[in-house]
Each structure stands twice: as structure tokens, then as C-alpha cells.
Amino acid sequence: MLFRQQSRIAALATAVITFAAMSGSALAQKKYDTGATDTEVKIGNIMPYSGPASAYGVIGKTEEAYFKMINAQGGINGRKINFVTYDDGYSPPKAVEQARKLVESDEVLVVFNPLGTPSNTAIQKYLNAKKVPQLFVATGATKWNDPKDFPWTMGWQPSYQSEAHIYAKYLKKEKPDAKIAVLYQNDDFGKDYLKGLKDGLGAKASMIIAEESYETAEPTIDNHIVKLKATGADVFISITTPKFAAQAIKKIAEISWQPLHIVSNVSASVGGVIKPAGFENSQGILSAAYAKDGADPQWDNDPGMKKFFAFLEKFYPEGNKLDGSVVYGYGAAQTMAKVIEMCGDDLTRANVMKQAASLKDFAPDTLLPGVKINTSATDFAPIEQLQMMRFKGEKWDLFGDIISGELSN
Amino acid sequence: MSAVEDVVTEAPAVEAVPKRAMTLGFGTSLVMLALLLLVPLFVKNFIIFQLTMLLIYGLAVLALNILTGGSGQFSLGQSAFYAVGAYTSAILMEHADMNYALTLPIAGIICFAFGFLFGQPALRLSGVYLALATFALATAMPQLLKLGFFEHWTGGVQGLVVTKPDAPFGLPMSQDMWLYYFTLAITVGIYVASVNLLRSRSGRAFMAIRDNEIAASAMGVDVALYKTLAFGVSAGITGVAGGLGAIAVQFVAPDGYTITLAISLFLGMVVGGVGWLPGSIVGSAFIIFVPNIAEGISKGLSGAVFGVLLFLVIFLVPHGARQVAMVAQQLIGKLKK
Amino acid sequence: MELFTNQVLAGIATGAIYACMALAVVMIYQAIDHLNFAQGEMAMFSTFISWQMMQWGIPYWGAFVLTLAFSFAGGIVIERLLFKPLAKAPILTNVAGFIALFAIINSVAGLIWDFTIKQYPTPFGSSPFLGSQLISTHQAGMIGVTVLLLILLFFFFQYTRIGLAMRAAASLPESARLVGINTSWMIALGWGMAAAIGSIAGMLIAPVVFLEPNMMGGVLIYGFAAAVLGGLTSPLGAVIGGFLVGIFENLAGTYIPGVGNELKLPIALALIITVLVVKPAGLFGRPIVKRV
């Protein structure tokens, strides 16, 4: 009930904005592009349900469940969401095939939250040429915020670089004489992050005394840790995906190395990384977050998370709340729903992009208090804020202000 | 043959296929060609794109078929040659502004050389050992492409975006349709050349090696030369397929050429029938469309559904599409009587 | 020098993982004369079964023994149901079957247990071993188990009737049949034993790499490499091969300037291929004599 009221208010607000934006053109007029009708909005999506990145397939399943919930609640502005999701197996050629299938055969209105930097790069040119929104892509590369060259592509999560900036800022202030050792995954994620870190440190980039990369095909990264310890570094930055982050935490404890340990947000999940690696090994680890953690008891009574848990129970019972991807999918889907709602009866692709670029202080249920989504015609980076946190006991303690990692500084 | 001899003669990994059974009859070939020419006129652009990919993967499977079905050498490393071809085309187009059509022969030649060189150490290996060596090549390739040293040309982990060519001479057709016919022309050309190659002296040498290496060398076949040559030809064709793939997909990145691709191509060859060249296109259809069917049945279990479908196919026709074709031929033969 | 010793020790520690897996690879090769690409996934699935049992409250060793039995039976069932019908099909078709099996097991495990990593207990503890922080008691235990398995396998193949029969069935099926060995069941038995050894490998590896459906992907590549390097017909060779690959890889990553770290897997593989070119049957394998 609460939801419906909210949505009515939101719809009214949208109407006002739309009214102002269209400067007096008829409000009741309905406009549609391919993929939208009086009764339905078709949203396309591409996920790696199979292959090496299949762990992320959960995001697609969560989104599907979220739209099922929306439909059960009567849809958006009276229209049901038809969510079409395909598997690309994390292979760029397959992503192109699936994107074309979505656009030309299923005729979707938008392609929403396709996952992976390589897959998104592969379909970006095509979707922009076709003028199909490639909205809220599921990757943290910085390049998605480029409204001038790619006006039909928009990111969602904070970029890897901006997150790295925050750690750089923190280190420059709190530990200016740090000797930093970095372990990064040898792919777009790791490289982008490392660049952010170096840019953030600026003139002090020489604080990084050792860099090691690893391949995801390696069974363990233990030997890299041994090597990094030998360099005598006192800060360890782990730009790793969950499995490797957990291995690093455990190995560092085993060889009694005690650096200041920073873990990238990708691997800050309590249930997915910290708990398997051992709470006793994880005390004092630093990270930054923009979303709440489903495994963290401090959010048990949070109204937003209560909605999230209710959603899981009713619409996605097999979803694991410990899995950060579930929280992610929920937040992304909620943002998409918000944009469709803001579009009102003007469901053209151009208007979808326009509304996506007019989000003001929007706060999905699963984002940290104070983190808000803001976009504009020149700012295609929806989430730019994070808050630093330190692991203590069995949960993360947030500290400091909500920081924006914008690249302009 | 006594039991003891049976064992010490290493059983050929690939059964002998008579060379005539490696191709289609003239009439059937013409019907196939007519179909391939006409279908694009009646379908959506997206289907044309899929058909283009079908031909491209078909070409890559054909290349593997020449290597395995023709000369009896086993490779799990075709994705490496495909990647080299794709990157050659992409780099020449984007950094040297070369015409896309001209990049293909270059990709083919570079891959031929690469394959020929790789064939040298591979000479000493056979069976599982060769499988491991080629497997190693396929695993190493994405890592080589990511190397910082080559990053200026390859784009490193980010890959390279490639421009799609328009139809030339102002022909009134979409980019997709033009690319399809362009690919079709190349595919048909390479197919005809391959059929002729296998019927030639070299082809007979390949098959002699496949069926019995020692006997072949006793008959005066230069085993080392022909084995490496088979590697070279196979790699060269795969390279052309890779170049076409880069143009069709408009993007190259290390993640597109992992061991998964090599395994897919291998499955395509088995499903199409080892040693039966026309089967390549059937195998290619399998690796493109069956995953789509599998995910249509179940998202969460798409891998399992794919596996089950694959098992069904190999249970029903362990010799692949070739078996179907042979049964069909026999049936037709009976009807004629 | 300290770095060198450290890297060698760390290499031995990771080498233990490869050695363990390589033993399972050799086992199946002895039985079916081919590599099984689904072996890693079978081991992963067994490990999940034991994890699930422990979640239900069964103590470690109880779960260990039950999992061994389950894997042994599972291996036999897979062979009887899926690969016996393919016995007459070409080898390459069988390989396609392994790939299909790989896809099925991986996907089913992902659906049942999802892809978040799970902590897996170790019976040996993870404190430093003999004062060295580079090898933990778990890794030492793992090496111990591997050696124990190796000795058992050696006696099995060398001195037991059934072990000899199995070897005969794999290398001379025709003659083995003539002397009354049921070769078809020997293959099934080989599958069962390989699955059981694989499950031990999985249960020993999981505490180090964490349990998840894709945990064996990388391990299997190294396991193959180790087994091939040591010689596919020699369990001892496989174990030594495992340690060598672990050490190789670490030293290449540490000492080859520039690209060493980024390319340590390719370098290790290239080295193995070089060894194979010189010794085509691996370091300890029986050379294959070919005749017309």
C-alpha cells in the first residue's frame, strides 16, 4: 500500500517535471517507441548465466524477480514489465548476437544492465548507432560516463577509478609515508582500478612499491602474497574478486603479515568473502561501500532493507541475501523501474534517456543512507558516493563522511 | 591381425574416412549454395548476422576438420589462431586504415606461418600430448594479448573496436547483408579449395599420415613436412575466419578468444562429423544455436541442458552429422531401386 | 636467497594441490587411456557433497568416508550410464562426452549451492608447520596424504590381482579379455577409483582455494600439465610433476623480469612442452613403441 502511495506521489512529481520539460505540450498524449505499448514495456538484458562469470547470473535472476514483483503490484503506470534476459557466457561475440536479438527480434525499448566491460564495449557502438538506450550497465569502468560520444550509454555503480581515488585520498591523509603493495586482477577491472589509485595518489604514486597481477585461471594467489610480503610493504591493497580476496585475507593471517589491508568494494561482502575467510583474520580491514550488506545485522531493522528482505521472501526465495549480487540486482532494477515511472506516457527511447539523465537524489532501498543517485545531461555516472568502512567484530563499521570520488579532484 | 600387433600399432585417433565420403555430391552442393544465397533476402538483419556468424564458425570448424579429419592431428588450440587472425584484421583496419578485405589474406598468411611454426614442436607429440600442447596455446593466448608490451596495438584488456564496412559501389543493401555475401563468397572459395586440397597429392599424403604414420613414411611421404603443412593450412583458414569474425562483431578483446571458443570449435567438429567437410556447417549451427535453445529451456541450468542435448546427439549419432547424411544417402539409394 | 627459498617452499605448497589432482588424472588415464575433462568438476561435486553432510552435522571424518563411497559409486554409475554406450564410438566423441559432463555438473552445482564461496574445514589445522610460515600444517598434511595415496596406488597396481587386471585391461584389452578379465568392468572400476581419488583431492584443495563451483577450473589445467610432465602412466611421475610445476611457476613469476609474473602460466606450459619434445612420454612415463 505504502508503495502505491509513494508511486502515485512520484508519478505526480514526474508529471510536473515532464510538464515543465515539454513546456506545455499535451500531457495526456501518449508516445511510444518500439517496445512500449499501453499495456507493456519490454526491457532487455544480457547476463553471463553460463561460463566463467556465471556467479553474476544471480543479478539477472534478481532483476527478473524484481520486475515480477512490480507486475504483481500492478506494473508501472498501468503497464506490465516484460523482462527479456539472455545469456552471453561472458563472451563479447555472443553479447553482440544477443543484443541484436533483443533489439531486432524481441524489439525491446531499452537494454538494461548488461554485464561485463568486454561485453558492453562490444555492443556499445551498435546500440548507440541504433539509438537504443544501454542503461545502467553492470560494470564499473569509467568510460561509460561519456554522454558526448555515447549519449545512449549510462553506467550505474561507482566507477572503479573513483573508488580507488577514495582510498588514495585516505592514505595520503592518514598514512603519508605508507609503502603500498598492490595485488590486482589482470583484466579491465584490475587495470582501471590501478589507474585510479595512481591518479589519486598523483605526485605521490611512488608510495606504491610493488604491483602484482594475477590471472583468474590461477587456483590460488598465495605465492603473490608471499612475494608482496617480502617487499616490506605496510599497506596492502587487494583489487580482487571475491574468491581471491578471501584467499588473500586468509594467507596474510597465516604468514603473520600485518599490513593495513584495503579490499575493493567488489569483494567487501560479509557473507561472500569475510565470513569464509574467517572473522578472526579480517579485523581492521578497510573498504568502501555504497550499498548495504544483506549479511550485516546492523541493517536488519532498516526500512529499505526490510522491503528488500520481504521481496526476497516472496518473489525470490532461492536468492541468497549474503550474496552481494542480489543486493546489486535489486538496486539496479529499482532504478530502472524509477526511470520508467518518470517517463509517464512518453515511452520513447529518447525520453527514457532523458529521464535517466534527470534523476535527482534518488535513493534505492539498498543504498547506504546518504548515498543518492544524481544524473544530468552531462553527468552519466549515477552513483558517485561511497563511505569508508572498517571491519570490526562481525560487521563493517562505517566511518567518516560520505565521500564523492568524482574524478575532477 | 593378432591382438598383440593390434596394440603396439597405435590405434589412429581418427577413423579412416575415404576421401570421396568427405564431400557432398554436386547436386546437393548446388542446392545448399542456392539456399545460402536466397535465405538472407527473406529474413531480418539480425538473422542475417547470425547466418554470417554461422559461416564464420563453419569456416573455423572446417579448418579444424582439415587438421584432425584430414591429417589425424588433434587440436584444442584453434582459438589461438582465430584470435591472431581477428587481431591482425582489427589492428590493420584501425591502426593502418587498411581496407577490410585486404586484411583477410594478411591474417591468413600470418596465421599460416604461426601454425606452421607451431607445428614444428607439435611434430614430436601425438594424442593426449598434442592435446595438452594445443590446450596450453589456447590458455596462453588471452594472456599474451593482454600483455602491456603490445598494449599500444591490441588495446590491452580493453580490446579494439572495429568499424563495420558498408556495401561497396553504392549497392543498395544493408551492412549486414553485404557482409553476409562477402563472407559467403570467401567461405565457398575456401570450401572448394579445401575439397580440392584433400583430393590432391597433399591431401592423400595427409590421409596416409592419419591412417598410419609409419606406413606413410615408408611409402615416401615426408611426414614432418605434411604434418606441419596441415597445421599451417588449418591455422591459416582459422585466421581468415577470425578476421571475418572481428569485422562482423566489430570488436576484439582477449575475453572473446578463451579456451571456451576452442572447445566450441572442437564440439562443432565432432557434431558435424570428423573428416566430413560439409558437416562443418552443421557443427557450427550446433555451437551457435544449441546454447540459445538451452537457455530458452532453463536459465539457471542452461549449462546442464546444453550438456544433456550434447549427450543426446552423441548417443544418437556418435559419428555426427556425417552418419545422418550416410543413412539418408542409403535410404535414397533404396528408394531409387 | 631468502626469497628463493620462500618461493620454492610456496611452490611446493601449491605444487601439492597439483600433485593431488595429477594423481586422479593418472588414475583415469590408466583405466581409459584418455584424459577426462570433467574430472575436476566431479571432484568439486564430491567436495560439495561432503560439505553438505558437514552442514547436516556429520563430523569431518564421517563425511570424508561417506563422500569417498559416494564418489566411487558415482564414478561407476557415470561410466555405466553415460560412457559405456559410447565405448564403440570414436575417441573424439568420448571427449565431447566429457565436455558435456563438465557442463552438466558445473551447472547443477551452481544451481544447488550457488556461486558464493564456502569455507571448507581442514583436519590438519592451519598453523605454521615446523616453524615455517610458508607451509601450513594443512599443506604438510596434504603432501602427506598425497604420498600415502601414491604408495597405496603403487601397491595396488603392482601387487594386487585387481590392480594388475586393470592395467592389463587398459593396455592390452584384447589379450586381457582372453585371459578372462572383464575389461568392461575394469573400466568402470577405474572410473570409480579416479572419482574417489578426485574427491580426496577436492577435499584437500578446498580449504586452500575455497569451495565454489568453479574451483577446479584452474586446478585441472595444472593437474593435466603435471600428469603429462611426469608421464601419464606413472603415479610417482605425476606427483613429482605436480611439485615441479608448482616450483617452476613460482620461480618463473619471480625471476623472469618484465613478463614473468604476467605470463607465468604460459611460461610453465612452454617449459613442459619443451620437456615433452625431448621426452615425449614425460619424465617418468613408459615410452610408447610404435610398429606398423
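Lettered A, B and C in written order, each chain numbered from 1.
The working rule: a contact is a pair of C-beta atoms (placed from the backbone, for glycine too) under 8 Å apart; a residue touches a chain by one contact, two chains touch by 3 or more.
On a predicted model such as this, the values are computed, not experimentally measured, just so you know.
K.L.:
B-C or A-C: which has the larger count of contacting C-beta pairs?
P.N.:
B-C
K.L.:
Among all chains, whose Cα centre is located farthest from the one for chain C?
P.N.:
A
K.L.:
Centre to centre, by mean C-alpha position, how many angstrom separate chain A and chain B?
P.N.:
Here chain A and chain B have centroids separated by 38 Å.
K.L.:
Need the CA-centroid distance for the pair chain B / chain C, whole Å please.
P.N.:
31
K.L.:
In angstrom, rounded to a whole number, how far apart do the mean CA points of chain A and chain C lie?
P.N.:
Using C-alpha averages as centres, the distance is 38 Å.
K.L.:
Where in chain A do residues touch two or more other chains at once?
P.N.:
Within chain A, the residues that touch at least two other chains are 50, 52, 54, 57, 186, 215, 217.
K.L.:
Among all residues of chain C, which ones touch two or more of the remaining chains?
P.N.:
Residues 103, 107, 110, 221, 262, 265 of chain C touch two or more partner chains.
K.L.:
Which chain B residues reach two or more other chains?
P.N.:
Only 139, 143, 146, 300, 302-303, 306 qualify.
K.L.:
Touching residues of chain A toward chain C in the complex: what are they?
P.N.:
Listed in rising order, the residues are 50, 52, 54-55, 57-58, 186, 212-213, 215-220, 222-224, 226-227, 230, 242-243, 246-247, 250, 254-256, 269, 271-273, 275-278, 320, 322-323.
K.L.:
Quick one: which bits of chain B touch chain A in the complex? Just the residue numbers, please.
P.N.:
Listed in rising order, the residues of chain B that touch chain A are 44-47, 49-50, 53, 139, 143, 146, 156-159, 161, 245, 249-251, 253-256, 258, 260-261, 288, 291-292, 295, 299-300, 302-303, 306.
K.L.:
Can you list the chain B residues touching chain C in their complex?
P.N.:
3-10, 13-15, 68, 74, 121, 124-126, 128-129, 131-133, 135-136, 139-140, 143-144, 146-149, 212-215, 218, 263, 266-267, 269-271, 274, 300-308, 310-311, 314-315, 318-320
K.L.:
How about chain C: which of its residues touch chain B in the complex?
P.N.:
29, 34-35, 82, 85-86, 88-93, 95-97, 99-104, 106-108, 110-111, 171-175, 178, 221, 224-225, 228, 232, 258-259, 262-263, 265-266, 269-270, 272-274, 276-277, 280, 288-292
K.L.:
In the complex of these two chains, what residues of chain A are touching chain B?
P.N.:
49-52, 54, 57, 60-61, 85-87, 89-94, 96-97, 100-101, 103-105, 116-118, 121-122, 124-126, 186-188, 191, 215, 217
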